[in-house]
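Below, chain A partners chain B and then partners chain C, in two separate complexes.
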Partner chain A sequence: MIVGEPLPPSGAFGVNAIAMTMRFGDFLALDNVELKVRPGSFHALLGENGAGKSTLVKCIMGYYHATEGDIIIGDREQAIANPKDAHALGLGMVYQHFTLVPAMTVAENLVLARDDVPVVVDWSKEMKELESFLARMPFKVPLGAKVSDISAGERQKCEILKQLYLKRRFLILDEPTSVLTPAEADEVLGMLRNMVVKGELTILMITHKFREVMAFADDVTILRRGKLAGAGKVSELTPDAMARTMIGAEELTVQPPRTGEAGQARLELAKVRALDDAGAIAVHDVSLTVRAGEIVGIAGVSGNGQRQLVEVLAGQRESESGEIRVVGDPYHASREEMRRHKMSLLPEEPLKNACVGGMSVADNIAFREFDRAPFASGGWWLNRGAFRDDAKKKIGQYKIKTRTPDTPISALSGGNVQRAVLARELGGDVEVLIAANPCFGLDFAAVAQIHAEIMAARNRGAAVLLVSEDLDELLELSDRLVVMFHGEFVYEARTSEADLTVVGRHMAGH
Partner chain B sequence: MADGSIGLWTVPLAVLGGAIRVSTPFLFVSLGECITERSGRINLGLEGTLVMGAMSAYGISYLTGSPWLGVLAAGITGALLGALHAGICSLPRVNDVAVGIALMLFGTGLAFYLGKPLIEPTAPRLPAIDFGWWSDISQVRAALRVNVLFLIGVALAPILYWAFRTTRWGLLIRTAGESSDAARAMGHSVLLIRLRATMVGGFLAGIGGSFLSLFYPGSWNEGLSSGQGITAVALVIFARWDPLLCLWASLAFGGAAALGPALQSVGVTSGYHLFNAAPYILTLAIMIITCSPKRTLTGAPAELSITR
Partner chain C sequence: MTTEAADPTETVGAIAPAADPGFLQRHGATIEYILIPGAALAGALVVFGIFVAMFGKNPLDLYFYMYYGAFGTWFSWQNTLTRAAPLILTALCTALPAQLGMVIIGGEGALLIGALSATSAALALQGMPPFIVQIAMVCAGVIGGGLWIMLAGALRQYRGVNETISSLLLVYIALAILNHLVEGAMRDPASLNKPSTREIGAANMIGSIPGTDVHWGLVFGLIAATAAYILIYHTVFGFAARVAGGNIRAAKIVGLGVSKLILTICFLAGGAAGLAGMVEVAAVQGRTNANLAAGYGFTGILVAFLARQNPLAIIPVAILLGGISASGGLLQRRLGLPDASVLVLQGIIFVFVLASDALYGRIGFLKGKS
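Now for the complex of A and B:
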């Protein structure tokens, strides 16, 4: 049954999702949620990880079929069987993970996305059309460049341009600014906002950055654990009120105050150089000293060599040249050196880089000490009981939500995997801590706990190197801030004296 | 200069002739595998496809009297084996490399079983074009007797190079091979793209097989293929998934394979078997030189199970 008027041929339209319920087996991902996006508005969808934001928009886009509920596009109820149906209606989505093909050029990616790719592509004609399309657009991208060669910010612009090129009029953006510098984020969102104001576009943006919600959104809908927690006009709300609606009654770990002064040099990097997987220089002769009782933050947009630097420190990648010293001793990331200097590591994507997914939580927690007393006798006979006892203690202490210590760690949520790694790495004495994006994709409670643990380690005298793409996190935690761009350290300042616009400019390479 | 007395010139000439003659199966299998791998899948079963192609081409040529029908039959057999590979790989949690090894054994085994009655009879062979008519020297003429299939293969390489860039299906194959997420987000069926790419790859490999039984060596027996199918798969990696480089690499491997017989013909008999191993030594050497544990292969499709 089709009720209501068909969509007008151009201009923005609204989307209403009514009484949406989505079950995955026993799990209720969405529970009677309502989302009303007015035509020609900029709507923010807020919520913690696992609150159901992605599930809701995927139902709208036809990736999932809601167990119950209706979707009204414009004034008419529509059954959206698959993404193609959604595209035909003018709905488009920019995913958190890029959907551009890295090995292809920007132009190839744009043409490829069309539904009517000609059998033989006339590239000279297509390039002319693309250039005239770009001339009408608020931002520019290099058409002939390979996607793998352009910056994350340019890729995000490409993703958005692709949707506009496909003449989408209702755009869903999933955390579009997570890879952008603050200035780039403002540029992109500002331009989209202009198109919304002109009535060309409606935008639904998933985000967790209150600053962007306050600056750009008209309305907001807040989800919590699959339920509608609140909705309203942004002008009538404060960031604080929105945060409280998002997290509910849950108590957050209180971060200890910063105490004590920096001491002797613990971790010293001298002209360290490392290559990326393609053999290009990713870390370009960087030098840095991290002292005891100090957090040094490395800021930078993803892909500027931070990953390779951390991999060198973690022993996952060999450096090409340069020297790393820990308390004056040369360091080659061997297990013996890490143990001697009480080094701890919180790598990014902990399930991939710091755990064995198929092994139990207890085993994963014991990795550092498993062949030492009391976990082993004689260095080879393992005492399984000691594993479990230690794990049980740490599971309680670090609030790891797992059914048993014997559950495979891959069955845990992201926040709990990170808590388990935290328990292993920070459970004993720590003199040097290296953390990379430790809170990426985690909920408020986990973030607060991890921040508190890192600060506590610093206060106990650990030298902390914190690599993060989240500038807010770095400004909150670090004593000193270093900006990494194209494999080099281009800016350094005490965090208390750092100017956000200057930091942002260096992150963008200006 | 009298006929047949060109001395040591025989060797480079025979290597050139070999490069043209022996390279044809390499060329077809590697171009086929190039298409399959660019779509994100490895089909190691092409050795089996090659042998099945050789057998069916010989059989059909013998039964119908037309070698070209044999070539077509070989292609169709290859496409069916490709469809089998792609079909099995479409199932969840199936590893394409393992399926490929199984199909390699299946293909050769089936070909030997079905081909038993074909060892005795003689089938009509594919014709060759004589590009050596201008020369009086028999070695030159022998070296320049070029099969039409070789010319088709040589033409196919630049056509594929062009097609990967400028045609709809070329772009789709690359998308499926570089990012299946992107392909899915655009609403394409990755499995269907890979099915087609594997079938086309099998078709070409089957034709490569028909060359073995219908031109050079030009008979059907169980020792017909000495691993050309599997070598060609390695050759695609060496050629960085570029059809034009596949052409040059095939010629180099063909030349290397002709080295042993060429040296024997001028009387160098010691180390005959060693020289016959030249293509395999070349494979190993190239792999050692071009691969490094510290970096990923440039140009490798990102979805291949070996690079992921």
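Now for the complex of A and C:
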């Protein structure tokens, strides 16, 4: 047991996690990992999905108890039994998704988060204290505004302010910028960086965006498959070197170069309107043309109608008005139309949107073709052998990791479920491809493979509509970029000519 | 978080020979399907034994007489099978829509409408050759029952009405229609104490399987259950239904016509229960009256759940439940228990079966390493 000095009453402190091992049953999530965060530094924790980043910070925050290993806060070894212990030591965490109550004001949310909320809150006194607290803080938020009325960027600031208000001095941020526009991300991280420089705060940020690591972090720790893959000063590293450390020796699919010119219009949307589940207008009379051999990217912060638009195109939601045409023919997402126009769909969250979890991998791969030869004899009798043969071929071709073709698809990891959907949707000819956040939450190898497949489909002459919340993905793949905000297309440009700051401004609605 | 990296039995782009798991793990799912309902049934019998002991009867006597009354003699076997026949058909009324994720509990209503339709067909065709009349009765029963449940399916698909509630309420409507007709327009003036329709005629009855007292309804049931199994697991239609039942969003994204699936499945389901009604008229009652509302439709729900909605598993389960109901008379005579005791047992079984649903996939020694 290391017994050092107790923590100083204010200012930043460091955290060391030593020889951390975490087992879940037979599964080794962390294998002898070390993480050293210096006091008053901005530390980035990099790694692919499943590399053990979340497990590691959850051990530090007391959500998990590490099988082996010690956590040293400041200079003293601490047993952190639960998140409350962590909070008492001044450790705080900001999650990827918001934890604010939307129907309450910012001030109410801040006071609510305290452990010692009095039975009767003296609001005039609290407001005075909150105002003086805000005056010391680098960012401002409107205290009286309802959380539901403020932007995603302001909400993320509230989350961070909440941690500071609770006097946390070591902040863990779990992919804090995934809901922000690039400008908002830079603003929030820049302000936090200033507090770190002043010695008020230590930050440990989980991320997969190299740009943010290069711009804001001092040190970086990289995990790969539950093991420490590397650590060092950011100033001595390049994004390439970090990426190689993250991925290891795994071969990534090489994306084919962009070739060919856009042809005639394949997918046309004319004043399409759709409602969300609550009956509000989510897609507001949008019009768009996607031509053969081009990728049109739709950018936007999550929740601006992209999901409803894709659902209309996928046949999962009825449009209210407007018209969709594919190669000139009206389109209502019927099987016959999808087949005639060789349409493919890669939806987000494939297990929820495109697969039946309890059915086998082979069955799921056959969803588009099961009612035709060779899968069906005479148009009605299922030919099981054909299912298995086709699945075996595609499992090899698309590198799907599964024990057998008969394994239920829900037993596969996210990347492999998406590979199976990829095999089904892109296994044949494609003339129109609609993809929505196809790489969300997937590892590098899967992302590279999916990007290569989308580009290859484009080069073969498919019209591709790519809806994504990941701006980098859109900039990499699309020929044209459209920004969606509050259900409308507010900006359009050729990707090669698009100005990132202008795109970001439109994403935020300015 | 994925466990992709750590699983040693996964291989890239190839089918790995699975690390040889034990027999229990390999057949884990199948064993569960037998073990869990079996245990639920055993648990229910124990609780029923306690219930009977409270009446001062010996539970061991009870179990013996139940077995004896259900399967002890050729006579009891025939009694059991006769009762199992309509149960197989009404169970299909719940099991088929379950493939689409729908919970239909209105088999009793489809049975009554099927019986009424079949009787009407027979009465309208009096004088025709019996074979023609019988075929017409089958068609009328299937179509009547089928349309009845299809109504619940259409309400769900086009009006968003919960199919469980609507199918149940349709039972009461069916019963009211039946009572209205047998006491009014279709009443046989000769039926005084028990208002009934006129007899369909002895010549038009479908009779028994040669050499037994078991009527041909059992064969109808066996054929229907087998056909339902083949339909669901071996045909394009069944595949589409399982996709839609497993995940409606996935079905829509591959453009499957969900409305057509729902209406067709509901028609087939109601048709099975309607056939049960036709069998009860053409093989047992000979006419339609309130006796037909004997609860076969409701017991069918229990059969379907106990069989985990698998059409083939319905056959043995229906025979088991038919046996329990067949033993009711013996329990009354030998143990002096009220005739309704077997209904108490059915209720207890239902509660156990529903509760046991939570156990699937959680039995430690059947789990493979994943």
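As a convention for this text, the second predicted complex is superposed on the first by the 470 of 510 C-alpha atoms of A that agree within 3 Å, B and C clash if a C-alpha of one lies under 4 Å from a C-alpha of the other, contacts with A are read in each partner's own complex, and residues count from 1 in each chain.
Keep in mind that, in the parts below, a residue touches a chain if its C-beta (ideal position, glycine included) is under 8 Å from a C-beta of that chain, and two chains touch if they have at least 3 such contacts.
This one's a predicted model, so the numbers in the text were calculated from it and none came from an experiment.
By the touch criterion defined above, A:405 lies against chain C but remains apart from chain B after alignment on the C-alpha atoms of chain A.
Looking at the shared chain after the overlay, A:279 reaches chain B, while chain C stays out of its contact range. Comparing chain B with chain C, the partner in contact with more residues of chain A is C. In the superposed model, A:83 lies in contact with chain B only, and not with chain C. Once chain A of one complex is fitted onto chain A of the other, the partner contacts of A:382 are limited to chain C, with no touch recorded for chain B.
In the superposition on chain A, A:49 makes contact with chain C only, while chain B stays out of contact range. Legend: residue contacts after superposition of the two complexes on their common chain; A:120 is shown touching chain B, with no touch to chain C. Legend: residue contacts after superposition of the two complexes on their common chain; A:23 is shown touching neither chain B nor chain C. In the superposition on chain A, no contact is made by A:211 with either chain B or chain C. Across the complex, chain A meets chain C through its residues 26-29, 49-52, 54-55, 225-226, 314-316, 333-339, 345, 347, 352-359, 363, 367-368, 370-371, 376, 379-382, 392, 395-405, 411, 413-416, 443.
Taken in their complex, chain B has these residues touching chain A: 165-169, 171-172, 174-175, 178-179, 181-182, 185-187, 292, 294-296, 298-299, 301-302.
If you check the complex, the residues on chain C that touch chain A are 1-6, 9-16, 18, 234-240, 242-243, 246-247, 249-250, 252-257, 369-370. Partner chain B is touched in their complex by these residues of chain A: 82-84, 87, 95, 97, 99-104, 108, 111-113, 115, 117-121, 123, 275-279, 317-318.
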